[in-house]
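Here come two complexes built around chain A, the first alongside chain B, the second alongside chain C.
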Partner chain A sequence: MAGKIVSIHSFRGGTGKSNVTANLAAQVAMTGMRVGVVDTDIQSPGIHVLFGLDEQKMGKTLNDYLHGKAAIREVGFSVGENTGEGEGRAQLAGRNIFLFPSSIRGAEISQILQEGIDFNRLNEGLQTAVAEFDLDYLFIDTHPGLNEETLLSIATSDVLLIILRPDNQDLQGTAVTVDVARSLDVPNLFLLVNKALPKYNNFEVIKSDIGAKFDAAVTSVLPLSFDMAENASNDLFSLRFPDHEWSKALKSIVPFILNAK
Partner chain B sequence: MSGDVLQKIRETNFFKELSPDASAAVAAKAAMRKFAPGEFMMRKGDPADSCFVILEGHLKVVTNDAKGDEIIINKVGPGESIGELALVDERPRSAGVIALEDVEALELTKDAFFELLDQRVDVSLGVMRGFSHRLRFSTTYIEKVIDWSQKTAEGDYSFLEQTQPIKNTAGSDDDKAAQLLSAFYSMVRKVKAREEDLKQTVERLSFEIDQERRKREFEEITGTEFYNKLKQQAKELRQKRMGQS
Partner chain C sequence: MPGLFDRLDKEIKEKQKEGGITPLDLAKLPPSLRKIMRLMLREMQMSYPRICEVMDAMPENDRLTRDELDSALSSLSEQFWLIRIGEKEKAIYKVNLRRKAGSALMAGIWSSLNEKLKKPSTDSK
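Take a look at the complex of A and B:
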């Protein structure tokens, strides 16, 4: 079976996309799968922090690959062999999980924004990453909105997980994204509601109503959590606090990914 | 004094702990009184020199609002006592009591009551037991209200399902604790209902998708040459990968 490309997307920023991507990839890796995580949010990379990677530790990046200065093999950072500090992350020791980070150097970011991304090369890189690292799943943390690089990620995905908050603006944007994904024939389209207010939102109602509205499976409804906001910036929350409500809800997404056709 | 009268005495919260013999002693010291409809049993501010056990008919307990208009604060009937607390604490009448129909009641004057307490230990004990029973009862209810208040503040309404609302039998003082609990219970039920309404409003609000805008934005994105090329490429890519697997 060829590895699957799983794009995690949200129409607007601030939905907790990077956190969901990192935690979900980690949970899938914990099941024994070989997992890759690509940060294609080249304008504002962030997911590396959750995997304990800083500027000093960061070697070759996706930017180097896109500029022909490195092979994709050199970009992949083995999280399982370098878990670093972080109680949650430590559990990934020995697991097969590889991060393909974007450069966090200002000059390199502005360079790529000026020159634009060579889509064919990015696409080739993703396919090569899957093949060379023998990945079962390659998670793509996309840039919010529907710009060209995001459309490319969606177009090449086997699974698209769209994150939204239970509010009007997110729903409106998600509606367009769902339409676009359908038009691009993405085989598996899933929704995930994040930052729901436990006091005012009935999670089961949200799940069934949003699912019915878009005719798509809502994988889970994650609560807005201050514990999460306080503790999530530099570790993998769902590994560190496995019994937390947020973590449990996140883990319930895993079967959707593993069972996707 | 008939058994029926003794029965009524022992129905009151004040004398409920009395033995039949002690009740008979109370009845023997009391005088039968009749009140016509509209007649005052007691007036607000009067010195409290007796208490009553109602045998027949109903009365209203009234006070006056700021404008001087009468407000009914309670209704009392057979088997209830009235004015007994004032016998002990010697405060003037806190409210007026007026017969709503023909009323028969036993009146026990303060002097007769104290004589009885002096002569009969069993009556004294019975009255004390009544007071302590009442205090214990009220404390239990207050503790419940405190517990429920805390739960309500935290948004935990589970006690509404776990507890039966107390039947609001307006009347004696003992029931006032029950009335408080009942009022509290109904307040929380209403708060919960309002919260659920709000919740539904929030949910309903979040379901307003502007379909025109949705269509327009979709067309803007998919109407470009880039998009058509991308769609074609994606299709080819998938076919290629399908072939590989």
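Take a look at the complex of A and C:
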């Protein structure tokens, strides 16, 4: 089986995209799959924090690869061999999960903004990462909104998971993203509602309403959680608190990914 | 002395500089060509016989005749949306993505920002 590319996207910022991506990738890795996570949010990278990386620990980055200073195999950081502190992350010990981080050094971010991005090289990097790390799934954490690198990742994806909040601004923006994804023939288009207010207790209604509005499968509705906020991206929440409502709802997305054609 | 691979690699890099397709251009292509381009992005390059094989496997309504396919490949290559190495049956095609342009902010702003970012911060002390 050729590895599948799974893009995680949201039209607006603050939807919890990086947290969902990291937790979902970790849950898929826990099923025994070989998983990669690439941070293409080059302008505002953040997912490395959830995997316990900081500027000191970070080795080669996607920026080094894009500038021809490193091969993509040098960028892949084995999370399974370097789980670091964090009860949740510790469960990934020995699992095959690799992070391809973007640089958090200000000078390197500004260099990318100034010089632009060679998309031929970026695409080659993604495909080579799948091949060289023998990945079953490569998760792409994208920059919010519809920019060129996001469109490229959508165009090469087998699965696109669009995250939205039950909010009118998100709903309108998501409509645009869904249209673009359909025009690019993404084979599997899924939605995920995050930060739903638990007091309404009507998640099934939210799921069916949003599913009908976009004519797409809603994989899950995740509650707005103060426990999750308190975690402050220090650890992988769904591994640390597996019985929490947020974690259970997140884990219900895994079959959608594993069964995608 | 450079080998065949080096020469082809150099030829591809030269052609890549000359333009390229954006994902939005991709969305406007006819369905069968878009499918081939998407596959080419994943496989990175495809031989002409492989493209014909994929086209032949498509639903009849979407399928292009050989003449239509040859004409489309030729047109895409002329626009540098595809890079063609070799001719006819032996041709290999590769998608050429347009580079994302850098910010149009004045260069002086970036060099000033870079200098600031290189210096250790003293403001927070």
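Everything that follows uses one rule, which is that the second predicted complex is superposed on the first by the 259 of 261 C-alpha atoms of A that agree within 3 Å, B and C clash if a C-alpha of one lies under 4 Å from a C-alpha of the other, contacts with A are read in each partner's own complex, and residues count from 1 in each chain.
The rule is short, and it goes like this: a residue touches a chain if its C-beta (ideal position, glycine included) is under 8 Å from a C-beta of that chain, and two chains touch if they have at least 3 such contacts.
Keep in mind the model is a prediction, meaning the values are calculated, not measured.
With the two structures aligned on chain A, chain B clashes with chain C.
In the superposition on chain A, contact is made by A:176 with chain B only, not with chain C.
Looking at the shared chain after the overlay, A:93 reaches neither chain B nor chain C. Of the two partner chains, chain B is the only one that A:168 touches; chain C does not reach it.
After overlaying the two complexes on the shared chain, residue contacts for A:185 are found with chain B and with chain C alike.
When the shared chain is aligned, no partner comes close enough to touch A:229: not chain B, not chain C. Within the superposed three-chain model, A:258 lies out of touch with both chain B and chain C [touch as defined at top]. In the superposition on chain A, A:206 makes contact with chain B only, not with chain C. Looking at the shared chain after the overlay, A:148 reaches both chain B and chain C. Legend: residue contacts after superposition of the two complexes on their common chain; A:111 is shown touching chain C, with no touch to chain B. The residues of chain A shared by its contacts with chain B and with chain C are 2, 119, 123, 148, 151-152, 155-156, 180, 183-185. The touching residues of chain A, when paired with chain B in their complex, are 1-2, 119, 123, 146, 148, 151-152, 155-156, 166-168, 171-172, 175-176, 179-180, 183-185, 199-202, 205-206, 209, 213. The residues of chain A lying in touch with chain C in their complex are 2, 5, 105-107, 110-111, 113-120, 123-124, 127, 148-149, 151-152, 154-156, 180, 183-185. Partner chain A is touched in their complex by these residues of chain B: 155, 198-199, 202-203, 205-210, 213-214, 217-218, 221-222, 226-227, 230-231, 233-235, 237-238, 241, 244-245. Per the touch definition, chain C reaches chain A in the complex via residues 16, 20, 22-24, 26-27, 31, 34-35, 38, 41-44, 95-103, 105, 107, 110, 113-114, 117-118.
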